[in-house]
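The two complexes that follow have subunit A in common; it is paired with subunit B in the first and with subunit C in the second.
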Partner chain A sequence: MSYACAITEDQRDCYQELTNVAMGRAAERLAKLLDTFVRLPVPRVSMIENSDIRMAIQEVGQDSSVSAVCQGFAGSGVVGETLLIFKDTSFANLADMMHYSGPLSRQAELELLMDTASILIGTCIRGIGEQLEIDFNQSHPVILGQHCQTADILRSGNSTWNSTLAIEIHYQLENANVECDLLLLFTEESVNILNKKIDYLLD
Partner chain B sequence: MSLNLLICDDSGFARKQMAKSLPPDWKVDIHFATDGVEGINAIREGKGDIVLLDLTMPNMDGFGVLEIIRREDLPAMVIVVSGDIQPEARKRVLDLGALAFIEKPIDTDKARQVLTEYGILTGI
Partner chain C sequence: MSQTHFELNDIHWLMDILQDIDIGLVVLDRKYRVQLWNSFMDSHSGISPQKAKDRDLFDLFPDLPQDWFRQKCSAVYELKISTFTIWEQRPYLFRFPSARPITGRSSFMYQNTHIIPLESANGSVNHICLLIYDATDSAILHTDLKATDKLLRDARKRDLLTGLLNFQTFQAVLQTYIQEVQPGSTSHLIMLDIENFSAYNHSHGFAAGDELLKKIAAFIQASTVPELTARLSGGRFALLMPDRSTSECQSCLDKIRDSLSNSGRQDARLSCGMALLSPEICTASDWLIRAEAYLLGSQKPDDSGE
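Presenting the complex of A and B:
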């Protein structure tokens, strides 16, 4: 398979390490908010084609009902999209941890989703930007779906992402049934700019 | 005989960053391991008098390495270098016997400060 742009193994490794640092910062903020411990995975960095995004997302919430938010970011010519996908079974636990009282309405779940998204997405994007000396601006988050199958997420959203570089982080809380996936997708044009910055770090 | 220092991290970029952050005039033999399993083997071979240890790694993570060092009473002074800056992660590694915790990305100042503080940097 050929791509218009590509990353070398050294570059892939560097993206992974920058993500490692950024996701650690996000986990710290979430852990403090929820008074819990976030189990951190090794992030997955890969080049994928547009059609593969669908597969990547479907892997995330296999056979389970999910809710998802997306949020764009841009800076120094680098443009991307983040996608946060929560397993719906997470919300009852999240509500407990955030000391929500009363019945868990759709609206309350939405608030939980948005609160968590702003921490996980915002901190991660800023963390990566900071290490690459890029000041990212973020657009408003958009709900892609509540209580739906992952296949529906792309159908409902503007699935015109032409991204090639994908970074996937699977967050899991210890001793609590809370699980989500954060996907960072960069446009093809961005990868060349990012690679230059990465090469500078690798020098 | 000079000291053996082991850098244990799955990322080549991070291993390089750690090696570069060490005081240039410090006389140590530097060894590398790319995950926890390799790290433990290297320590058993005597290559890890001092260990700079990452936490998030495939095969065996840094917590696993610390547990084995403690269980087998291996002679290694471990400094954890990690992006996992959750207070609980720091507490766990110190409870498991790590000497200190350095937040990633590591740099010369952070490394020198910790190495000096724990009396590891001698003769410079």
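Presenting the complex of A and C:
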């Protein structure tokens, strides 16, 4: 399979390391807020074709219902989007940990989703930006769906991109049934710029 | 010297832009006292920057939910991250009238907000900045889209003429009911048919036929749970009667027939078949076929009797 842009093994390792540092910071902040330990796996770095993005997202939900929020970011010509996908079963525990009172309505879940998104997305993007000396601007978050199937998150048709650099981070909280996936997706044009920066770091 | 002059000019421009930009800008200190208030905030709130300066935000806007807002801001202070709120969470932070009061179709301004930490020279965060975006247009469009979506979904489920469920939807309703009903419940399926409907159409015209269908549909809906009634085809209707005895179903039928004859359409008659849900009935088709058999059986003696 050939891509208009590709990443070498070394570059992949470097992306992984950058993400490790950034998501470590994000997890630290989340842990501070929730007063719990956040387990961090190795982030998955890969080039994904347009036709495969659904599969990548579907793996996250694995036929349970999910809620998702996305947020665009841009800086120094690097453009991308973050997707935060929560398993809906996570919210009850999350509400306890964040000391939300009252019944867990859709509205309360939306608050939880937005609060965690601010922390995870914001910190992660800033963390990566700092290491690459890019000042990322974040656009306003958009709700992609609440209590939906992962297949419904991405509407089919009229997508204008061919392939994307995807970095997938699966967050899990220790001793709590809270699971979410953070996907960082960079456009093809951005990958070329990023690769140059990464090569500079590698040298 | 000329360099400094240029930079000062820059700052002047920047200040003008910040004043006039179509985004609300508010700087707050740790005690939620207003430190900066741009002209967007001035214009929409009617509170001038002079009046707002150093005032407690919660005094200026008593409607602002304090706990909620403090919680959002504390994340910005403590974690030094920006945070966002969107109109879906809360339609607005500050109740401002809509920027398009006449054609905007909303009396207030929907708002998205972005709260950012302002670091001082020593790296500590003692101030935060609120950016208020007018999101009314997208909120209204979103609401419209949802309404249209619901309308379309609903239309696909219904018979266009009468508004009752269509055959396919009713069949699905029946199937779900059969699968989920408690064993031993007395539930009936009633099938109604306008006798000689094609003759009625021929003698009165199709428009009158349609009117008759609408009338009967309205009587049916009024007699029971509207969401369990359907027009199957032509002049044929069906009613699912959960946990209703034969006599209860009979009185429901009487109600429909009475309404029909009281409406001055003595020449239209309804024949009926009623089938009790029994253990042999496994599918929606089974039940429909049985009710139809009773319906066809009822038509013959009736026809010959009168």
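Methods note: the second predicted complex is superposed on the first by the 195 of 203 C-alpha atoms of A that agree within 3 Å, B and C clash if a C-alpha of one lies under 4 Å from a C-alpha of the other, contacts with A are read in each partner's own complex, and residues count from 1 in each chain.
We adopt the following convention: a contact is a pair of C-beta atoms (placed from the backbone, for glycine too) under 8 Å apart; a residue touches a chain by one contact, two chains touch by 3 or more.
The shown structure was predicted, so the numbers you read here are calculated from the model rather than taken from an experiment.
**Student:** Using the superposition on subunit A, tell me whether subunit B and subunit C clash or fit.
**Tutor:** fit
**Student:** May I ask you to decide whether A:40 touches subunit B, subunit C, both, or neither, giving the answer as first, second, both or neither?
**Tutor:** first
**Student:** Kindly classify A:107 by the partners it touches after superposition: subunit B alone (first), subunit C alone (second), both, or neither?
**Tutor:** It touches subunit C, and subunit B stays clear.
**Student:** Under the stated touch criterion, which partner chain does A:17 make contact with: subunit B (first), subunit C (second), both, or neither?
**Tutor:** The first partner, subunit B, only.
**Student:** When the two structures are overlaid on chain A, which partner does A:32 contact: first (subunit B), second (subunit C), both, or neither?
**Tutor:** A:32: touches subunit B and subunit C.
**Student:** Which holds for A:138: it touches subunit B only (first), subunit C only (second), both, or neither?
**Tutor:** Second partner only, subunit C.
**Student:** Minimum CA distance, subunit B versus subunit C, superposed model, integer angstrom?
**Tutor:** 13
**Student:** Both subunit B and subunit C touch subunit A; at which residues?
**Tutor:** Shared contact residues on subunit A: 32.
**Student:** Quick check on the complex: what are the subunit C residues that touch subunit A?
**Tutor:** Within the complex, subunit C contacts subunit A at residues 72, 75, 79, 81-86, 88-89, 112, 114, 133.
**Student:** Going by the contact rule set out above, which residues of subunit B touch subunit A in the complex?
**Tutor:** Touching subunit A: residues 10-14, 55-58, 82-89, 104-105 of subunit B.
**Student:** Please name which positions on subunit A make contact with subunit C in the complex.
**Tutor:** So the residues of subunit A in touch with subunit C come to 29, 32-33, 71, 107, 110-111, 114-115, 117-119, 122-123, 126, 138, 140-143.
**Student:** Any idea which subunit A residues touch subunit B in the complex?
**Tutor:** Touch residues, subunit A against subunit B: 10, 13-14, 16-17, 20-25, 27-28, 31-32, 37-38, 40-42, 131, 201-202.
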